[in-house]
Each structure stands twice: as structure tokens, then as C-alpha cells.
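Two complexes, one shared chain (chain A), two partners (chain B, chain C).
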Partner chain A sequence: MRLDEPVAENPLLTVEDLEVGFESFDGLAEVIDGVNLSIGKGEVVTIAGETGCGKSVTMKSILRLLNQPPARVSGEITFDGTELLSLSDREFERVKGQRMSLVFQDPMSSLNPTFTIGEQLTDTAQFGGDSDTGVVEFFRRRFSGERDEARERVLEMLREVQMPDPENIMDSYPSQLSGGMRQRALIAQALLNEPDLLIADEIGTALDVTIHDQILDLLKDLIENHDLSVLMITHNLGVARQVSDRVYVMYGGRIVETAPTEELFENPKHPYTQGLIASIPRLTGDEMATGIDGSIPEYLDPPPGCRFAPRCPYATAECEEARPEMYERGPQTGVECVLYDEAVPASERPTVEETRSHMTRRPGKQTGGD
Partner chain B sequence: MTDVSEPLLVVDDLEKYFPVKSGIIKRTSDHVKAVDGVSFDIERGETLALIGESGSGKSTVARTIIGLTGATGGTVRFDGEDITNATDEQLARLRSRVQMVFQDPTSSLNPRRTIGKSLAVPLKARGVPKSDLRERVVDLLERVELNDEYWNKYPHELSGGQKQRVNIARALAVEPELLLLDEPTSALDVSVQAKIIALLEDLQAEFGLTYLFITHDLSLVRNFADETAVMYLGEIQERGPTQEVFQRPRHPYSRALLSAIPVTTDEEEAYKPRHEPLRGEIPSPRDVPTGCRFHTRCPYATDACSADEPQFVAVDAGPSVRCHIYDEAYADAFDDVPEVAVAAVADETVASNQEP
Partner chain C sequence: MKYWQYLVRRLAGILVSLIGLSIIIFTTSRVLPGNPARMALGALASEEQVQALAAEMGLNKPIPLQYLDYMRGLLVGDLGTSLETKRAVSTDIVYYLPATLELITVSMFLTVVIGIPLGVIAAQNKDGLADNATRLVAFFSVSVPGFFIAIMFQLIFGYLLEWLPITGRLGSEFGSGVSRFTGFLLVDTLLSGNLAAHVDAWAHIILPALALSLAGIGQVMRITRSSMIDVKDQDYVEAERGFGLPSWLVTYKYTLKNAFIPTLTILGLLYASLLGNAFLIELVYSWPGLASYGVTAVLNNDFNAVVGVTMTIGVAFVSINFLVDVLLGRVDPRIRLAMEEAT
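Coming up: the complex of A and B.
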């Protein structure tokens, strides 16, 4: 099934009809089901959604980080005119090494504990974009003046990410750094090869709120100074609102809504987006929704129509039959929900407040739905 | 029930120093001051939220109250009885009146036991006869809105939110009066978190429970807690009615915490104090800064802040704050007294909170 997605102008990366399944003893888990998305040059785009909705699998398919099998990946991923899925591993690594960088969710596991920060980052600076250097070339570069130059570059980058005491940090091991410092080191590493596209998975969300805040501020500056296009992944809608130009909301392995950031938060349309926004505790002291009943779909046997139907307060028989279309609702704005069909009068479309009221005090007690 | 007027829990100047041993003979060379003079009390049926970033000592406060670790100073009184460093006999009695729920819903359940068996353990310990066990477990499950199908399930078959419900049910098995909730929703998604909070509210209304609710997420307690205490490096920096702490956060650290919350509406944005990212990171509790322990990160710090320790004093009969800005004696120390010092905001409107 191909869905029309409101595409970015002048896209750097487009993902079309991405499908990812995982083979297992119990059958094929159809996790990603026809995802379309795009990132324009210089654009900051977020994929937002709760645990298990498929954000990381989407990111990993773009960066070829899934083992196939058990994963089965299909669709089209185009980066600056080049179709990525059909490239050989070697060709892909070259494109990736030179033009894309990833900052991971877990700063501890992505740094090697046995080398100093200086050694690791200097290696990235020297070999980052070029992983298949011969042995001779490797030793030539590693023990020549080029090494010193690379070290200088790393130091400069550490200063740019506002690492405290960068000279000392160069000689420290990852375990000697705080979580915030490790996150800075990883950001520095990601920028060393001057990428065009930065992919950031839950950056800083494991950190304390004041440190997370510093990291987001830093990231905003770096995006500006380095002219980066960014794909951010987060479960925190507030973060999406703070940093991105455009947001994709993901649910059950599908994009259910997309819009420019302001539009999405001022006028959220999909019942899931609305429920999610209504569940976030509010500083204004307004009553918080009591959450969305039920849990994310079982990917081995997903609901046949709209994957949100079992949890949606507005679901009808129609929703359970076929997957809804992605309806276009303005520039770069789309909603995958039957309520946004032209034929449905606007008055039947729920507001966040309505959805909130559906979720505020339980009419009867639910059983086991988290 | 010695004194009816005394709050259910009274914590006074609580201290927990962990010794740091070094050298060949493992002499105590230093201390981690995890909790360094914490005082608060909670009235029966009310909720106190204890907020703070990682390492501020929140969990240690809870663990000391319930006797999982000894206090090195101060006192804890529960229902009029001094339970500081409780005896085994006291602890045994206490366990049926005070229970704790932890952050990680998975590690607190035995993976090889069905939910039914896990919940039966505390009931058996209380002497519930075998013939009644099943019925009582089903009752407990119902209280946390799980049906009797869960009797036979194993923890790995449950989602995070469902597991946390089971943990709450287990804590309720002994019919406690006080629940110490240590970040019970931090590992959960927001839509699940909202359901657990609603459940906790219902349980409190139904059974008159008293809560100590620990979290690093300030926005979560806005409607949930009667009082809020903000902790930094082992000390409470601000404590007062939750509404006050939100509408007029006085301590620079409370302000920073509030302003760092990523929100989803402009309306909420207006509730945040001016955005001032903090410098640096939280220092080690082994090496607490002199004077005000927040001075290394405080945007308003002056020389006086690193020299003298601020006292914890009530401001305008409202919340208590530990900061020189609110002390007349230091008025001269701040040449340009930040407007944060204006505690009595006459105008209650949102606008007054926009610019500190």
C-alpha cells in the first residue's frame, strides 16, 4: 500500500513505503508498516511516539543497523538522490561515513570503555568517513603528524560542545565522565566528519532535566552553526515542540499524523496525538487525562484496520475494516484517520478537549489496560 | 496513637552519611553526604512530593525512613513513635503500616512466580488462612483495576504499567497507612503514567492513604501533591504548598527546574520562569560546595553565597526557602537584587510569572 505523504520541499532524505518485519518462532512481526517520511535540507524533523511504536526500528533501517534476517526491510530510502537500500554494504558505509552521523540513546554503550575519549574521537576524526583503510595506511596516518592535526580538531570540537576542561577529558576514560559529559563527547564525535544529516535517538532523555536542557540548547546552536539537517527521535512531545520544524507522530509502526510543529501542537488532529498530549502533566494545573486505555498493538497479529482502533474512543466498524488513508489537511499536514475524510463534517472531528474529557474520569473500571 | 495532633510522619534533621573507605586498612577517609539535614512532615491522608535530580538523596530519604538503611543523624517519627534506626521488633510492626514502591516495575517482581503467588506472600505473612487467599488476591487485583486473569500470569507477560499495578497491589496487601513511592512512574510512558497517577489518587481517596511521592519530574506533582519539597545535594532548598511552589517558585534551583521542563502549549510556557540554563553539573555529595551548596550553578550567586550557609526560613509565612536572597541581612550582597526576591506577587495572573 502506498500512501501519499506531505513531503518536505527540497528533501535530503526520503523514506517511502518502508516496511520492516522481524521473523521469529511465532511468525512474522510486522513492526513498521508503510512509513513515509522526508527531511528537507536544513530541516529539523522529529519522530515522536511512545515506547515500542517503532521509532528506533525506523532509524535503524535508514542506517542499516538491523541484522537481516531476522529483520526484513523493504521500501525506498533516498538520500540526496541516491537510493540507499540497493547499495552494497561497502558503498553504503561510504555514504554514511561521509555524510550521516548518529547520536545514540545510551551514551555509555556507544563509547568504548577501554580507550580514552581522546583516542576514540581522534580515530573518528582520522578514519571516521573511511573505514576500509589498509593496514599500512592506517599506521602511516596514526603515527604521523596527521595524528596531531586530528587531535587538534577533536579538541576544538570538544570546546565547541562546551565540554568542561577539554584537555583533561581527552585523557579520560568514558567511565570517568558524567552522563552529561558523555553525551557531549558523543555529539562532538558525531560532528567530526561534518555530516549533512544528523540522526539523534532520544538524545539526553536519560539525563537530568537541567542537563537535558543544556544539551538541547547546545544542539540548537550546533544545528544552526553547522547547517545540519536533523532527524530527532523522542518519546517526549515537549522536546519535539522545543527543537523541531516538523513532527511525525508514530503509533503501532505507522505515521498517524504529521504537521509543522506549531500546527501540530496548536491543532492536534489524530485521536492518538490528542490522547498523548492530554496525558502529559500540565504546568497550568489543568486536570491531566487519566491516560489512554489499552496497550500498543501486538505486532505478530496487529489490528486489521486502524491500529489505534482498539484504544480509540471514536472507533467505528469502518475503522476496524481497512487502514485509513493519510488525509491531507493543509501544507505538510496529514492525518491517518477516517474522521478527516472530506465527507465527514468538521463538527464531528474531536478537539483535544473532547478527547481529554473522554479520558478524564473513568466511567467504569477498566481491567488491565496499560 | 500518642498525640492526635502530630502528623503521621515527622522527619527531623535527618542525616545519612555513607563512609568512604580508602587505603589498605580501609580507614574511613571521607563521607558521602547523601542526606544532610532534611526535615518535613506529612499529615495523615496527604501527599508530600520530594523532587530533585539524580543523586540529590531522594531515595536515601525513603530508604532511611523505612529502615532499609540506618540514619546517621536526626529522627524519624511515625504516628508519634520514634522509629529512627528501628529495632527488629519495631520494623516488623512497621512493615504492616509503611510500604514502599520502587521505580523499576520489573526487578521488584520474582520472574518465576505467578502474580497470584507474588501477591499471596504478604497475605500469608499476615496470617490470612489458605482458604481465603485466592479471594483476597482477587480483591487486591481489583483494587488496582486488574481482573482475575492476572492470577495465573507471569511478570514477563505484563506491560510495565501492569507490573507497576501489581507492585502497588502488593504494597497494599498489608493495608498500610503510608506509602513511600520512589519514582513509581519514571520507567513508564506518559499515557501509562497518567493511569497510574489516577489510580494512586483513587486509592488515596478510598483508603485515606498518606504518600511520600518521589520524582524528578516537577510537572507531575502539580495537581497531585499537597506539599512539595525540592531537594538538591542532600538538602531541601524549598518546601511549601504545591500551588505556591509552582506559581511563585522562590529558590533559584526550583525556578531552574521549572523552566527546564519541555511543555506542549504556549499557555504552559507562560507559567515557566525566565529560561536560564544552569551552569555545569551537580557536584559530588562527597565534596559539597561551601556556603550555599547550589552556588556553583546558581545564576544569582555572589561572594556571600560561597562563604555563608543560608538558613532554611519561611518567606512571607509561605514556603520555606534556603537562599540569601530572602534574608534581609544579605540585601547588600546582591547589588542588583534579582526580582526573584519579590515574593509577594500582588497580581495572581499568569503574566506576573512570565518575567521574574
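Coming up: the complex of A and C.
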């Protein structure tokens, strides 16, 4: 059976057949090639994949952050019943400002260094999503009682993200804050206007591991308390496992596998996913896979069939000819690989261990050397 | 260390550099060839008269002693007598300095209110029509000499169109209606309650100020444009847009403040260079300012006036740079915080 689209129940955001190309001097680079994804209300969904697989481009096309040209975007992006790509810039800004919010990758560079945390966050609380506010209107509201209310809201939000000493932080500049505090400030800023959809790009990965864990725990609480739908983008499968309900694995501009988180980690299907999971370092075991051989495809001249075929240990001539279908393998589970055709007997499908055995390895309990 | 402590330390440093400047200028003015006493008395005076005057002026004492005498005078505001005007140099400076400062301040004002908005507009239309137009204007304004522009302005606006007066600071018909309070005519005319004179003062100052500011406008425009473009690409600006803040607010508050930091440094340097450039403009517009006074003094070996003018310009220069430091600390908290953390 073929899965056209692994749809979330009660979707808030759906992306259908998204294609993004970039014009360059060498021709059109077809980076995103037919991506389908959806996020249900209250669902936390992760797009995972290695650097260059197209996950950030997917996020940027949803948020209209790509400059067109050189980018060319087609497909359908529907947010709560509204088709986003056909909206005018102004209408889109309104939807984005009021209902979507994003947390950028790097907390060091995402706060304005010349304004206090209080100033930036209070402006966001007061005027975020009101992109039509004129100058006169701005000054009238800026110097009214509304400002104090907004400030109160910011303080409350800072307490909610467990910012230490929030009163003091309000008067501090970003350079006076640690990385973890800046990340908290950014999360607070993103949640100030009660968005429905939060898009988080590599959240916390710029921080050290202990803080990273605290931030993810905090995020989980916030998602629950604010009834958020979240699209997370990460190259770190551990993050996907810790926070999300469902995972999309992306490779070479396509979704190659999707499954509920538990299913994906216990029973990974696509050889690429298996390779990713096999390369997670383990404390036990005597050998360690160093990663999947090869590198992501050249987008200017991508492989005609499955884009993973050149790196896949199980690839056949069939794989190189045509793009495989997305086969449904259980609820909300799909995999784009010929090995999962009904006709293929289950015994011929690879396991993680098998995939691991095909990968370059180095002996465990030892450092250095190949 | 608090930022104000850093500034106090800077002030102490400024004092030291001013003393250094005074030593250099004083010594240079004394060892230059030419006898000031002879220059003062003219070719017809006898050798005895020259000797007597030299003794009276203290010129036959050793230079270090002359310097100490000079510095003692300086502390009570006595800069010696000008050989040219026969008045106290301090009186002359108080008389001429406001005219120059007024001219420079108005040009700085024009530089800021024209240069920065044009830079912002150029940045927002990067590689568009407005950007290329301002690029062309900047190119001409920086490469055409100020005095040439000054003469062209006189020709066009004064002679051909007859819109504006071309010389002086105020029409002669207002001479008696304005009393001198500060020496700044734009202020004095208001204090005298003479609105017509105030308008006339603006009419006189606008051409020289514009001619003087053009090169600076070009520079400020280009610097503002490139730093605006830099800042616009920063994550925090993208984030602020992403949160749906009004785009004018993001541009003029959150982008411009950061982009203003390099512009501010340029403005400080510009102010100082205007003090020098003002001379040609003052000459073209018969503007009775300090620059023309200073040049006359140099040409006539009027050493007290030379030292006085140089010291005044030196003080203005370091004050402006000090002011820029204070403002930079206000605009960019990272500078202030780095200072406070450094010690």
C-alpha cells in the first residue's frame, strides 16, 4: 500500500509537495524535492537530518524567509485552513506575527546587543504581530499604561522560563547574560504573543550539554502549558527523541522516513535512518560506527532515482532509476524505500545491526586511530 | 571600573596630550625664522626699537622660560597680544571662534539630517534606483573640492537665481538690531527678539554650511548604508521582523542604532576635519571666522595668535573626540560593559 501523505490528526500546518530550487550560475539547484509534512494541533514534530539536507530551507520556505529570486518555491503550505504561499506579504506578516513564532539557532546572535532585554521583550510583547502600527500610534501606546502591563507580562514570562532574577535581567544587556540565560530570554520572547505554532531551529545546540538538557526540559513544560504545536529542526537525533512526538527524517531534500518517535528509534526502516541511529555513540559495545560513508548529494545534478542510493549499501539498479514511493508501514509511519514494497519479503529488509556492519567502524574503548 | 571612571581617566589623558601639543606648537612658533618684533614694528623701525620690543615681549629669554611665562598667562586666560590686530589673542578668539563654530555646527547638522536618512534609504533599496542615485551623489560630493562647490553655489543661488546672499553673516540692515550675546548669530538674533534678522542669518549661513558639509554627507551616507546592510542581515534583526514588529520600528530603532556606531566615529573625525576645511569656505564667503584669522596669523608670523588658534583647535578636536567616546558608550553598551569588566 502506498502512503500519499502521513497526515497528522487535526493538522495545524500542512506542507504539500514543496519544491524549492535556487538559481545559480551553474543552473537550477533543486534543493527541496517534493516534501510533504504536517503538524497536528498540540503536536511536537521534528525534522531531523544532517547539515545540508534541506531542513533549514524547508523552515525558511514556511516562514517566507527566502529571497525570491534566487529561490523558487512551489507547492502548498496551509496553516489552519489558510493557504500561505498565495497570501500577500502584508497578510502573511500578520499571520506570522500573531500566530507563529520562531526561536533562532544561535542565542548569542539573536538578541539585539544595543538594547536591554526589557526593552526588546517589552516591545515584542506590546507590538509583536501588530506590524501595521504607525509612528503616532506607536508613541501613544508606548507611553501609556499599556507599557506597564506589557512589562508585567514580560516579567511573568521570564519567571516562567525560569530566568534567575528577572527584575535585574530586564535592565541588562544581552552581553551580560550567559548562553543559557540568553536562550531562556529568546524562548520567552518567542512565547510572549501566545503563538499557536512555534518553530525552533536547532534549539540549544549552541549551548553546552548540561544547559542544553535544562533548556529541552523547560521547552517540554512550556509546550504542555501553552498548548503549543512545535516544528523543531535538528541534526541531533537525541533532541528529537527527547522532545518530539513524531519525527521526519530528511535526506537530500526529501522526506525519507516518518514515524512516531518511539517507533522510529525502536524500529528504524530506511537505511539512512538506520545509519543515523547506528552512528549515535554508545557507552557499551566494542565497536563504534563513525558515520555513513559518502556525503549529501550534489543538488545541481542530483541522482535520478533515490537520492540516497549512491551511499546505500543495499542499493540496486532499480534504486538508481526512479524515485521510490513512500510506503505506509503502520499508523503515521512511512518510508520512501523500495525495500518496503509489499513484494519484498520482510526477511530481506535490513536491521540496524546489519546496516552498522556495512559502515566504517573503529574499535571501541580506544581513542584515535581508524 | 565604572564607565565614568574610564572617562575621567580619558580626560586626564586629554590634558596631558594638550600640554604636549602646547609645547610643540609653542616651540615651533619660537624657533621659526623671522623676528616677530621686527614684523610687528615694520621695516622702518630702528634696531633699538626692535630690541626694546623683543625684550618687552620676553623674546630674549630662553625658550623654556618663555613657555612657562606663556603657560602662566594661559591659566588666567591671557594668550598674549596679536601683533596683527594689536588686541589680546583671547579677545580675538572669542570674537572669531563663534562664527566658525556656528558654521561647522550647522554643517554637521546638515550632514546628519541629510546623510543618515539617505544612507538608510539607499540601504533599503540596495542596488536599486535610490541606491545608485545616492552612490553617484556621494561620488561627486566627495571628489569635487568644497571651495569649487562653494563658488558654484554662489554663482547659481546668489548670482543667477538671486535667492540667497553670497557673503557675510548678516545683512548690513540688521547690524544695529542685534546685540552680541554669544557670538552665534542664530542665537543672538533670537535673544535680541529680531526674527527678521534670524531668518537673514539662516539665509547667510545655509550656502557655506551646505558647501562645507557636502563631502561629509557623502561619507556619512555611504558608511550608514553599508553598516545598515550589515546589521539588517543579523539574526536579531531577522528575529525582530519574525516577531511581527512594525518594519519601520525594526529599521529606525533596532537596526539604525547598531548601524549608527561606525557613523558616530566618522562624525567625530569629520567635525575635526571641518575645522580645517572651513578656511577655504570662509574665504569664499567672506565669513569672519577663526580659520581665516588663523591663516592670516600664520602668514604674518603673528606667533601669539598662531599658538592661540592652534590650541583652540586642539581643544575643540579632543573635546569632540571625548564627546564621541561618551556617546559611543551610550549607544553601544558593549563598549561600556567591556570597559567596566576590563578592570
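Keep this in mind: the second predicted complex is superposed on the first by the 353 of 370 C-alpha atoms of A that agree within 3 Å, B and C clash if a C-alpha of one lies under 4 Å from a C-alpha of the other, contacts with A are read in each partner's own complex, and residues count from 1 in each chain.
Note that contacts are C-beta pairs under 8 Å (C-beta built on N, C-alpha and C of every residue); 3 or more make two chains touch, one makes a residue touch a chain.
Because the structure is a prediction, the values reported are computed rather than measured.
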Which of chain B and chain C A:P70 touches, first, second, both or neither: neither
Chain B versus chain C as contact partner of A:I280, first or second or both or neither: first
First (chain B), second (chain C), both or neither touched by A:P304: neither
Which superposed partner A:P331 touches (first chain B, second chain C, both, neither): neither
Touched partner set for A:G180, first chain B, second chain C, both or neither: first
First (chain B), second (chain C), both or neither touched by A:L102: second
First (chain B), second (chain C), both or neither touched by A:G27: neither
Chain C partner contacts - residues on chain A that touch it in the complex: 63, 65, 93-94, 96-98, 101-102, 104-106, 109-116, 120, 123-124, 127-135, 138, 173, 175-176, 186, 189-190, 192-193
Complex contacts: residues of chain C adjacent to chain A: 234-240, 242-249, 253-254, 257-258, 261, 331-334, 337
Chain A - residues contacting chain B, complex: 50-51, 164, 178, 180-181, 208-214, 216-217, 235-239, 241-242, 265, 275-277, 279-285, 287-293, 295, 359, 362, 365-370
Chain B residues touching chain A - in the complex, by the definition given at the top: 53-54, 142, 145-147, 149-150, 159-162, 164-165, 188-198, 216-220, 222-223, 243, 246, 256-265, 267-268, 271-272, 277-278, 280-282, 297
